[in-house]
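A, B and C are the chain letters, set down in written order, and residue numbers restart from 1 in every chain.
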Amino acid sequence: MTQGESLVRAVEAVLFAAETPLTIHDIRLHVGTQADVGGALAMLLERYAGRGIELVERGGRWHFQTAADLAHLLRRDREETRRLSRAGIETLAIIAYHEPVSRAEIEAIRGVQVAKGTLDVLLEAGWIRPAGRREVPGRPLTYATTAGFLSHFGLATRRDLPGLDDLRAAGLLDPIDLAFENAVEKDDDSD
Amino acid sequence: MTQGESLVRAVEAVLFAAETPLTIHDIRLHVGTQADVGGALAMLLERYAGRGIELVERGGRWHFQTAADLAHLLRRDREETRRLSRAGIETLAIIAYHEPVSRAEIEAIRGVQVAKGTLDVLLEAGWIRPAGRREVPGRPLTYATTAGFLSHFGLATRRDLPGLDDLRAAGLLDPIDLAFENAVEKDDDSD
Amino acid sequence: MTAADPDTLTLDLDGWEGPLDLLLALARNQKVDLKVISILALVEQYLAFLDQARSLKLEVAADYLVMAAWLAYLKSALLLPRNPEETPSPEDMALRLQRRLERLNAMREAGARLVARDRLGRDVFLRGTPEGLRTVRHATWEAEIYDLIAAYGRISARSRPVMHVVAHRDVMTLDEALARVSELIGMRVDWATIESLVPSSAIGDYRKSAVASSFVAVLELAKQGRAELRQVSPFAPLYVRAAS
């Protein structure tokens, strides 16, 4: 087991070498199962505050990343992340703010069918995952966001979603009344 | 052009995100052609001295790396217990009863080809060892069991292995059993 | 409320993501908070928009028409004297439609805010060349002494010399058949079936063996040029006679 300053160094090195964000449990596997990793992370957070490299926590997993305000220096030569379609962005937002949510519920909010490719793109990006079936007739599959979603969009937890509290207070995240939505438009051709 | 502390931050971020070690010229392409990159690097060298991450220069190119003394943390050993396959146990038995024995002889006794992987597993387990070449055409390598083999199987010497008469008395030479075994699995020597 | 000016709204319905999207765009044109939007005005704009499309003989997708029909119904319900029996009330339906637009609008804005965040790989970056963490797996192999002994027993049983004894031996050998057939066809002038060359005393397994051996013998004699064979069709009786 590593302690004090040498533990801080060890955690720093492990996070620095890691190819993916790590949980405290992951870090312990390398620096010792009894180590005060939380304390070391707090120390590192402080040390890196305001620097060109930052330590961040995303969905319980930790990683170093470049400071956001330096984006303009780093964008050179990097291929732009694939642009999400408008449907993709809306679908992702609906999943993030309502999760777990079924495809029918997403369709009810958007008022149009979710094209096949839309969910595929989000699944492939590793931003959403199947989150079990809802115990209602038809047992529809639901979707929720992933830790990768939090990392990508720089959210420590889902509670950091912009405007989440206001939307909730305004009742705009209440469960979707599928019965009513279906009464409005009974359309629903197959895609 | 970036200056002072903000230049240090910029150089730090650029080196962190870089996919290859960078020359001062490379760094200037990101942070400004007139920037005092040398000065910023000197500052970073000092800051990272003794930390879990080090800034190093190799042949005029700069990069971050984890501190050399912490390399052992990046590697984690894990033990996994695995059962020997049927081909493995048969091959081991033949070597134990007939040592030293060549691969061709093992195949002749088993009546099935012995995959290279099978011998590799037994070597890795530390139960067999190469035991010299036989002075016949082709000079085939022979194998014999090791002290590790004896201790794993709780044998004082190889002579403690039951002989054919013992096997027959124990019902282990029962041809019905054989017919059944053959019916159940044809050839599992693909491991 | 002049927002329904068709010139400001393209009539190309492909540009809209369905009726709700169109309604939301119309609602935003009212330039008021969605919470206090006039549903009645909105309904009129939507219906006017579709009328315009149809007067231009544009094809309007079915879901737009379904929404139009529902909105026309809502409009009349809102305007006509209220029937207290009716549930949900028209006001309730209008409120729900308004909430629905609000929710879609909220999600649209949330999505826009989400993608504008500092995103990993676009605005902020992970380390370019991480050394990587390695998990080195060591296999410890396991086997019991019983497995070892049983395996050897199995191999020994498999490779033990086995003597085969055929207990029942009721056959006519090929040599016998050859001698017999060549003698018989030498004595006959006419075609003879194979069966007629088999001893009439032969029965059961011995007869089968005799037929098989005689057939092979006939083939052998034909090959040597000492016999001729004739068969009119597959599976028809096979005739044999001495070569002339």
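Going forward, a contact is a pair of C-beta atoms (placed from the backbone, for glycine too) under 8 Å apart; a residue touches a chain by one contact, two chains touch by 3 or more.
All values reported here derive from a predicted model rather than from experimental measurement.
If you sketch which chains touch which, every chain touches every other chain without exception.
Distances between chain centres, each the mean of the C-alpha atoms, put C farthest from chain B. For the pair chain A and chain C, the distance between C-alpha centroids works out to 33 Å. Between the CA-based centres of chain B and chain C the separation comes to 39 Å, rounded to the whole angstrom. Per-chain CA centroids place chain A at a distance of 36 Å from chain B. Residue numbers of chain B whose C-beta contacts span two or more other chains: 13, 16-17, 64, 66, 74, 76.
For chain C, residues touching at least two other chains, in rising order: 125-127, 131-133.
Taken together, the chain A residues at the contact with chain B in this complex read 8-14, 16-17, 29-31, 50-53, 64, 66-67, 70, 73-74, 76.
Contacts from chain C toward chain A in the complex involve residues 17-21, 62-63, 66-67, 70, 96-97, 99-100, 102-104, 106-115, 117-127, 130-133. Residues 125-129, 131-145, 147-160 of chain C touch chain B in their complex.
Chain contact summary for the complex, chain B toward chain C: residues 13, 16-20, 63-66, 74-84, 86, 88-90, 92-94, 96-97, 109-111, 121, 124-125, 127, 152-155, 161-162, 164, 167, 170, 172-175, 177-178, 181-182.
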